[in-house]
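Two complexes follow with chain A in common, the first pairing it with chain B and the second with chain C.
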Partner chain A sequence: MSNKAVLIGEFRKFFKFLIQEMKPRGKWLTPFNIISIPIILLGLVILFFRFTKGLGSVTNLSQQFPWGFWIGFDVVTGVAFAGGAYIITFVVYVMRVEKYHSIVRVTVLNGLLAYIFYAGALVLDLGRPWHIINPIIGNSFGYNSVLFLVSWHFLLYMIAEFVEFSPVIAEWAHWEKVRKFVSALTLGAVIFGITLSMLHQSGLGALFLMAKPKIHPLWYSEFIPILFFVSSIFAGLSMIIFEGIISHKVFKDLIGEKSHYSYEEIILGLGKGAAIAMFVYYFFKALIFIHEKQWVLINDFWGYWYLVEVIGFVLIPCFMFAYAVRNRSIGIIKIASVLALIGIILNRLNISVIAFNWDVANKYYPSWQEIVVTLMVVFSEIWAFRWIATRMPVFSKEN
Partner chain B sequence: MNRRNFIRTTATISIAALPLGKLNAQENKEKKEFVGVLVDTTRCLGCRLCEVACSEEHGNYVPDVKNDHALEKIRDTSEKQWTVVNRFETKNGEVFVKRQCMHCWQPACTAACLTNAMFKTKEGPITWDGDKCMGCRYCMVSCPFDIPKFEYNKWNPKIQKCNMCYERLQEGKKPACVQACPKDALLFGIKRELMEVARHRVYSYPDKYVHKIYGEHEVGGTGWLYLSAVPFEQIGFRTDLGTTPYPEYTKEFLFSVPLVLFGVPALLFGLNLLTDRKNELNKNERWENE
Partner chain C sequence: MEFYYYVNIFETKGLEYLLLICFLVLFILMVRYISTSDKKKS
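For the complex of A and B:
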């Protein structure tokens, strides 16, 4: 009896706490809010049409371009950007490199939200989303399908990331026992998560293996899965650097003194990792180029475009990272990370949209509605991030 | 603690990997000879009665073949019409070519489909099931012939493509287009027998036909076969698709999945234990999460 009363009391207390935490904090009329709120509202209107009138009413998708910006950018690129979480958890929990401990929480949170919002954007693109339940509950398992694997791994990975993040939630809600319990699960979740990440990062590339006759030969290779995996490493690292720059401006007061101090060391370390991963990636690319004798393809628009991607946005940022690490120049690392991110966007969009059916007359380009919805997804993610980061102990002060 | 974690993780992973065990299930299904259709383009008149019969059979858009001048440009099948006939100007004069799903032996579309909505029936035709499909359009991305079409302007869109009149076949009838053809340009039957007929025609009239049967080996063999008097690339066929069945391209990746699922966690736990040992030697203090 009394046990029950205590439980109810606890519940009430937590509920009050939740209500209190729900309230917005800080100023309302920030530039970000002024831009993002109208876009999110507009996005919702567009989605209303998308779900009542069909995908064709708001997108430029066609029979020749079944996948457009929502898949190519939101899902395929977004998931590559979210790769940082599995790399950092690998370094910190498996290799136990303590240096990066202070950025684990924020990186995992970023990864978790990226999956929820970007991989979640997949649902917007499904023509018959109510049947998404079929491959999940086992009504119909298409075991032979790469997409089956990828979507299952998305789902499992989100759970793993949630487990990794749950100690923070428990800490925020003052559930000491829960925190102890979920903390004990961390290593298992991390290892499971890394494995799943390797598989679905490469799986996103494997999706395009059967599109062989449609993808320009400079971008098609049987090694796409490996290329996707390796590039997700520096995509993730660059994204952590990039996000770090922004959060160190925006959330200045949330970040403790000591972590400001080691921040430079962390950035240099990440830059070094990115340089190595990019070099390996470039090396693979060059091997494929030579092995497939692709130089005959280089002397036209597509060839130049390929060089822009591989030289301009892989090799150059790779050298910049290496140079900056040697000279301890944070500024150059920042620029290199932005270039590397652009390179990833180019690569993923080239494979899924731009060099896909490169020779057809009616090329696809995204409609403004597709872009607004993409912005909506990005902004909602930032909203969720901000809400959590200002309430839960995400930026560690003590470490 | 570490061992417990290991067991816990291995258990979860095994459950996650369970479906993979059946990766090959589809291949071991009972063998029955697949059916197909032989299209002899030298016999086709371009009357397009097959287009009409197809659309009437499946409740799709019925073209007005007398007045719509549709032959003036090359058309693709669409979400409204499962088959179309195109006219090509060649040095042998006009050639008409019917286009529809090829009903591949090992189809890319069914390998792509994560819900088994695209399904190769044991008789051979590939069918689509609206109760399963989630509209991801991966089948469209994968099909080497660009056959599946999607209804972009409906709130509950369907994938539209030829199903070789699967309903009719089960009643013992021929596909509607074959039935409708007045010139015997279309011949329905078991592929093995169709191949014999096709070879017989090519060998008996070596001047009339090019020495190739399209669909014999393309993408691992297709249910629909074509004969032609002119090289196939001149009448709208892709001859660069190769003879590898398309699902082969993803096989290697799919096979490596279970290996990674079991191998990598073991490796990572090993690494973790190693670093743990090292840390203990270093500072004899245990590091906890957070």
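For the complex of A and C:
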């Protein structure tokens, strides 16, 4: 048999396998499906109008507020939540801490999907979405623009994460030779990915450096890039804890017994990392507060709002993480991770939406369509995650 | 000519130095605090 015939035979076999895998599994009428399907369908209808009639037809964006909820939540917050992937891969592949090996695959999958869906949501927010390719193909590169860095980094990081995840795909498709080849690339992809991640997490903050007159002085600082990077560490760790809690309930049949056993130790380790990162972040905030003499701004609505964010959703969860780790309380770690995630959402939305153009008369509020499309993006990501997790060897049975 | 008062904690950035020293001390204490759980376990 010729090579061509073998190749066609293999392709047919894989195609049949893919069709088989596409068939839905499990119950259809679950609470998540009942809520998410109508929202995804409604979101698609809204997107049809967005792409045919323009941004103004479905959003409250204007020349004064060109960046709204889609950028603030989907892109800026979503990318911070995806930070867990570069931290865990660094800890496992570079520091060789084997304790976290069992969560590498699921964390990388979460990171990859977060970038595809949340960073991909950038297309929705561009007035001329077909221009998204410009920084890549060299049609006015704009070397001096932070967006140039961010767009290239997003693209390269998605490729690096795909390479990191590809051994799982090869294992699923029973491509042994491909699996061996892509496994050999993992360490290189991890190191490349960590470098990219550190730079674009801070790069997202650097986007706001040019908006100094528009951002409330309590949130603006020339150190925004460093704050974004440090906060992405505990955002990522908190997200892994939060997702771990849900995965352990939803996918309990897919997780090996040993993984169940080490689950508590992993959560405690992640909680410890989050506590330390939040402590460092809080002192950065305090240092900037004193350096900029911001205490004169604290005695009004914006000052109190700032304190809610920094004390309520950074300092308190930081202490909760520390207390929970010392006393080995998984319950408190779960609550602290949720508070930390709310804190990150508040921080990113404060900088990009709430305290942005804080002194103008007509403020921006997201339209209901913007909120529905954001929910659609989140639910679509969960659907994709569920599909992959129930078919590919994401949760290791042995580990 | 501008005068510089070395006793002024704001102008000399003394407050920032103090905060940094506090941070370093508290950081060590915090790491020791959360590391006790490992000893407890073993």
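In this section, the second predicted complex is superposed on the first by the 398 of 399 C-alpha atoms of A that agree within 3 Å, B and C clash if a C-alpha of one lies under 4 Å from a C-alpha of the other, contacts with A are read in each partner's own complex, and residues count from 1 in each chain.
One rule holds in what follows: contacts are C-beta pairs under 8 Å (C-beta built on N, C-alpha and C of every residue); 3 or more make two chains touch, one makes a residue touch a chain.
Note that this is a predicted model, so its numbers are computed, not measured.
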Touched partner set for A:4, first chain B, second chain C, both or neither: neither
First (chain B), second (chain C), both or neither touched by A:327: second
Touching partner for A:149 - first (chain B), second (chain C), both, neither: first
Which superposed partner A:183 touches (first chain B, second chain C, both, neither): first
Touched partner set for A:23, first chain B, second chain C, both or neither: neither
Chain B versus chain C as contact partner of A:249, first or second or both or neither: neither
Chain B versus chain C as contact partner of A:272, first or second or both or neither: second
When both partners are placed on the shared chain, which of chain B and chain C touches more of chain A: B
Residues of chain A that lie at the interface with chain B and also at the interface with chain C: none
Complex contacts: residues of chain C adjacent to chain A: 10, 13, 15-16, 19-20, 23, 26-27, 30-31, 33-34, 36-37, 40-41
Residues of chain B defined as touching chain A within the complex: 1-2, 5-6, 8-9, 12-13, 16, 19-20, 22-23, 25-26, 76, 78-79, 108, 110-117, 130-138, 140-142, 144, 146, 149-157, 238, 240-242, 246-247, 249-250, 252-254, 257, 260-261, 264-265, 268-269, 271-272, 275-276, 279, 287-290
List of chain A residues in touch with chain B within their complex: 51-57, 59, 61-64, 66-67, 90, 93-96, 98, 122, 125-132, 134-135, 139-149, 151-152, 156, 167, 183-188, 191-192, 194-195, 198-199, 202-203, 206-214, 222, 225
Chain A to chain C touching residues, read off their complex: 268, 272, 275-276, 279-280, 283, 286-287, 290-291, 293, 322, 325-328
